[in-house]
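Heads up, the next two complexes both have subunit A, just with different partners, subunit B and then subunit C.
Moving on to the complex of A and B:
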C-alpha cells in the first residue's frame, strides 16, 4: 500500500455488504417512523426524525461493537468484520443527522448562536436529573467524526496502524459517553422501563463478550520460555493443516503455520490494521489475514506482487514431532527455508 | 493487534463498560416519575358569573392578575384573571397551607388564555395559605400570593347560584 491517495477499492463482496447495510438502515428508519406515527400520533415529525436517527445510530454502534469480540470467539462471524468501517461511517452519519436536527429543534430560535447555546445553556453538572446530557452526545459525535474522517486506508497508512488503531479505540469512550447521553437525557424525561432494560442488556452483553475475548487473549499473551535460544510451540499433530498456533515470545506474538508438510513462522501482526495473522489460514499458498484478507507468503513474509507489504519472519525447526521457533525476529521480508516435518530438519 | 494496544484495549474494556453501567444504573435510579398523561383535575366549566364573590385581590405581577374566590353551591371556585395571557410554560396551580411544610394540593394546570378557574378544596378556605404557580419547564415556582381564610357567604348571599 503506498501513501498515494487511492479511492475505495470496491469489490463484489463490499457491494453486497453495503447493500445489506443500506437496506437494514432504511428498513429500521421506515418501521420506526411508521410505528411512531401510528402509536404516538401526538409526536411531531421532527421529534420522530430525531429519535429515529438517534436510535438507529446507537443500535448500529452496538452491532459494530458486538461484531469484534463475537468474531474473535466465533470465527464464522468474520465476514461481518470485513467491511465494518462502512458500518462505522453510516453510524456517524446517522448520529450527525440526529445531532444537527436536535440542535435545530432545541437551540435555534434563541438569542444565541446554536452551538454556543448547546455548550452553555445548561451548567447543571452536579445534577443527575438535569445533567447537560446533550454535551455528552456532542463529545461523542466529535470522536465519531475523527474516526469517520480517518477511516480511509490513506489515513491508516499515513498515521501507521498502531496510531490509527489507538485513535479508533476511542470508540469505547464514545460509547460510554453515549450510554450516559441516553441515561441522563432520554431516561430522565421518559419513564421507560423497557428501554432501560434493553440498554442495560446491551451494555452488559458487550462487557461480557469483550471480557471473555480479553481473557482468552490474555492467555495467549503469556510469554513463552526459551531453551537454548529455541521456544517450544506445539506438537506437529496439534496444528491443523494450513492453520497456525500463536505463541508470545520476545514481547510480541509469533504465528507458526503448518502447510504442505512444512512449518513457517512469521510475525502475528498484519501490516494493514494489525490483525491477528495466526487466526487466519493459508489460502492459495499465502497466509491470509482473517480481518480483511491481506496476504503474505509463509517463507519470506512478503505480500505477493504487486503488493509490497512485508512482515518479520522467524527461524523454525521440527524435532521428534515438536515444533520450536527462534524468537529473534528477522528483518521484514527475510526469506527463511521452511522446516520440513518429515525430514525434521532445522531451517 | 500489537501487544501494548491489546493491553490498552483490555484496560478500556474493564474500565469503560463498568463505568457506562454505573451511569446507566445511576440514571435509571434517579428517574423522576413524570406521567406523560397527567391525571390533573379538569378545568372548571360554566359561567364565571355564577356564585357569590367572597374574596378579591389584585396581584402586582406582569401581566397584572386579579384573583377571586366565589362561593358556589357545591364548592368554592378560585379564578385567576390575567390582563393578558401570561408567559408561563406548563404552569401548575397549587394551594399550599401556611407553615413550615404545609400540605400542597394541586388545583390544576394553568389554562391557555388569560383566565383560569379551579375548584378550591374545602381545606383551602378553612385555613390560611397561598396560591403557588409552579412551572414544570423551569422546575420552580414562578408566582405565589397569599390566600387568607375565606369566610363562607351567608345563605342569602349564596342564592346567586342555582
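Moving on to the complex of A and C:
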C-alpha cells in the first residue's frame, strides 16, 4: 500500500520512538563520559569520546539484534520493531564517530597516509591475538554504512525485497567482526573481567533468543505433510477470528486467515520488508502487516486501491472442521474463493 | 496463532491498546536502565588509564642546554642540586604531532637556549612538545655532559613511544595503542622501554644502539610487545639509557 515511498511516513508514534531512542543514547553517553572523567581524571578527552561512542554503538547494536527475536517470542513487543531503521542509522553514526576519532587519534599526524597506517601498523596478520583489530572495526563500519545508506524504502523498492533482506543479513557478519574487534583490541590491553563477561553474555543472549524463537516457530517451520496435494493446517477452532496460522509447505511460508466464517490463504511474506503477515490481523477487511501496516485483501492478496502491492494466494478448503491448503502458489493477486466454514457457528 | 488478548497494533495508529502499550513502555524503561548500568560497568573498568598529563594548549618558556644526541633533550640546571650527581634535569624534546624534533634542534646542539613548548609528564619524567614556530632561541654556550655507565643488564618490558606514554595519549601503551606507537616512533619520537616491577613502580629507558645511535626504524616490529633487552645501562643526568643492538632484543 505504498504511494511512492511514503507509506511509512512521519507520524506521532515515530517521533515518540525516536525521542526515546535519543534519550537512551544520551543517557548512556552521559553516564559513560561523566563517570569516566570522574573516575579517571587523567583520561584524555579523545579516549573518553572514542570509548564512549564505540561502546554506545556496540550496545545499541545488541538492542537492535535482540528486538527481532524478542518480538517473535513476545508479539506485544512488535512496536519496538516499527522504527528500528532509525536505531540502525543511529548505531552507524555512533560507530562512525568512534572510527573517525580513532583514525585521527592513532593514525593522523604521522609519517604515513592514515588509511595505509591503519592497514599496516596495528598488528600482525599472521597472529590471532595480535591480528590488526582496527581493520575488523573498519570492515564492520563498511557493512554498517551500506546498510544505513540503503535503509530508505527507496532502496528497498529498487533493490527488491530479497536482495535488500540479504544485504541486511550482513549485519550478523558485522556483529561477528565487532566481537573480534573488541576481543582482540581493547580486551587485550588489561584484565577487564566484567567487560569480558558482558561481551560473552551479549553473544550468548543473541544465540539464546534466536534459538528460542526458532524453537517456538519450529512447529510452523516444520514441513507440513501433503495428502493428495492438500496440506493440513489446523482445526478451525484453533485459529482466533481475524487471525492466522502460519505453515511451511513445499518451501512456501503460508498464512492462513480465519474471518467472517471464511478461510483464506496468502503468502506469509509482506511486500514491504518481508514482515510476517501471519502475525498480522484482519483490520477493516484487510490483512494488516504487523510491522508497518501494509494491507492486503484476503481473497486476492492485492492491496486495496490506490495501492498496487500484490502477494501470492493459495487455495484453501475446510472439511470436518479441519483446514487444508494447496501449497502451490498462485500468481500474486489471483482471486481465490474463500473456503466456507459450515456449522461452526461463526458469524 | 494464539495470544493472551487479541490486541493488535500497527505503528501508524495514534494509540496502542493498553496491554501492548504497557509491555512496550516496560521494555523501554528496562532498556534505558540496562544501558545506564552497562555504561557504568564498562567505564569503571578502564583501568589502563595512567596518571600522566599533557598540558594541552599551555605554552611555557624554558632555559637550558640542548643535547641533540642520541635524542633531542634540554638539560636544565636544578636549582636544588647539591654536588654534581644529578645537577641537571633532562627534558625530552619532540615536535608537534607524531614527529621527532631532530631537524629543529640540530643547529643548537651544545648551546644554551630559551625554548617555548608544552609540558608532558608522568611520574618524574618530563617531555616538552616544541611550539610549532620559533621554538628555540640561542642565548649562550653550554657545558658538556658526562654519561655514567652502570654495566650490562637485562630488562623486560614493552617498547612504546615516549611522547604518548608520558601523557599525550592515555592509554599510551598496550595493544590498542600499538598503531599509534608505530607511527610516532617511525616519525622520530624517541622509543623507550617501559619496565614494571609488578608493585606499581614504572621505569622508562631510552633505547639506543651500541654506538649510541637512534634505533627508531629497527624497533618498529617489536613495538607494544613484551621484549627482553640486554645491554649497557647508562645514566644521562636523571634519565636512563639502554645501549643494545635491536637485533639482539628478544620477543617474549
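For this structure, a couple of remarks:
In this section, the second predicted complex is superposed on the first by the 323 of 347 C-alpha atoms of A that agree within 3 Å, B and C clash if a C-alpha of one lies under 4 Å from a C-alpha of the other, contacts with A are read in each partner's own complex, and residues count from 1 in each chain.
What we mean here is this: a residue touches a chain if its C-beta (ideal position, glycine included) is under 8 Å from a C-beta of that chain, and two chains touch if they have at least 3 such contacts.
Since the structure is predicted, the reported quantities are computational estimates derived from the model, not experimental observations.
Aligning the two structures on subunit A places subunit B and subunit C in clashing positions.
In the superposition on chain A, A:253 makes contact with subunit B only, while subunit C stays out of contact range. Of the two partner chains placed around the shared chain by superposition, subunit B and subunit C are both touched by A:190. Looking at the shared chain after the overlay, A:274 reaches subunit B, while subunit C stays out of its contact range. With both complexes superposed, C is the one of subunit B and subunit C in contact with more subunit A residues. Shared-chain residue A:204: touches subunit B; no touch with subunit C. Applying the stated contact rule after C-alpha superposition, one finds that A:46 touches subunit C and leaves subunit B untouched. Once chain A of one complex is fitted onto chain A of the other, the partner contacts of A:128 are limited to subunit B, with no touch recorded for subunit C.
Contacts of A:326 after superposition on the shared chain: neither subunit B nor subunit C is touched. After overlaying the two complexes on the shared chain, residue contacts for A:20 are found with subunit C alone; subunit B is out of touch. When both complexes are overlaid on chain A, the residue A:165 reaches subunit B alone and has no touch with subunit C. In the superposition on chain A, the residues of subunit A contacting both subunit B and subunit C are 130, 184, 188-190.
Subunit C contributes residues 1-3, 6-14, 16, 19-20, 23-24, 27-28, 31-32, 35-36, 38-54, 96-99, 167-171, 174-180, 182-184, 186-187, 225 to its touches with subunit A in the complex.
Subunit A meets subunit C in the complex at residues 8, 11-14, 17, 20, 23-24, 27-29, 31-32, 35-36, 39-40, 42-44, 46-47, 51, 55-56, 59, 63, 74-80, 82-83, 105-112, 117-118, 121-123, 130, 132-134, 184-186, 188-190, 192-195, 198, 238-246, 278-281, 283, 288-293.
Contact residues on subunit B toward subunit A in their complex (touch as defined above): 1-6, 8-10, 12-14, 16-21, 23-28, 30-36, 139. Considering their complex, residues 128-130, 162, 165-166, 169, 172-173, 175-176, 179-180, 183-184, 187-191, 196, 199-200, 203-204, 206-207, 210-211, 214, 217-218, 221, 248, 251-253, 269, 274-276 of subunit A touch subunit B.
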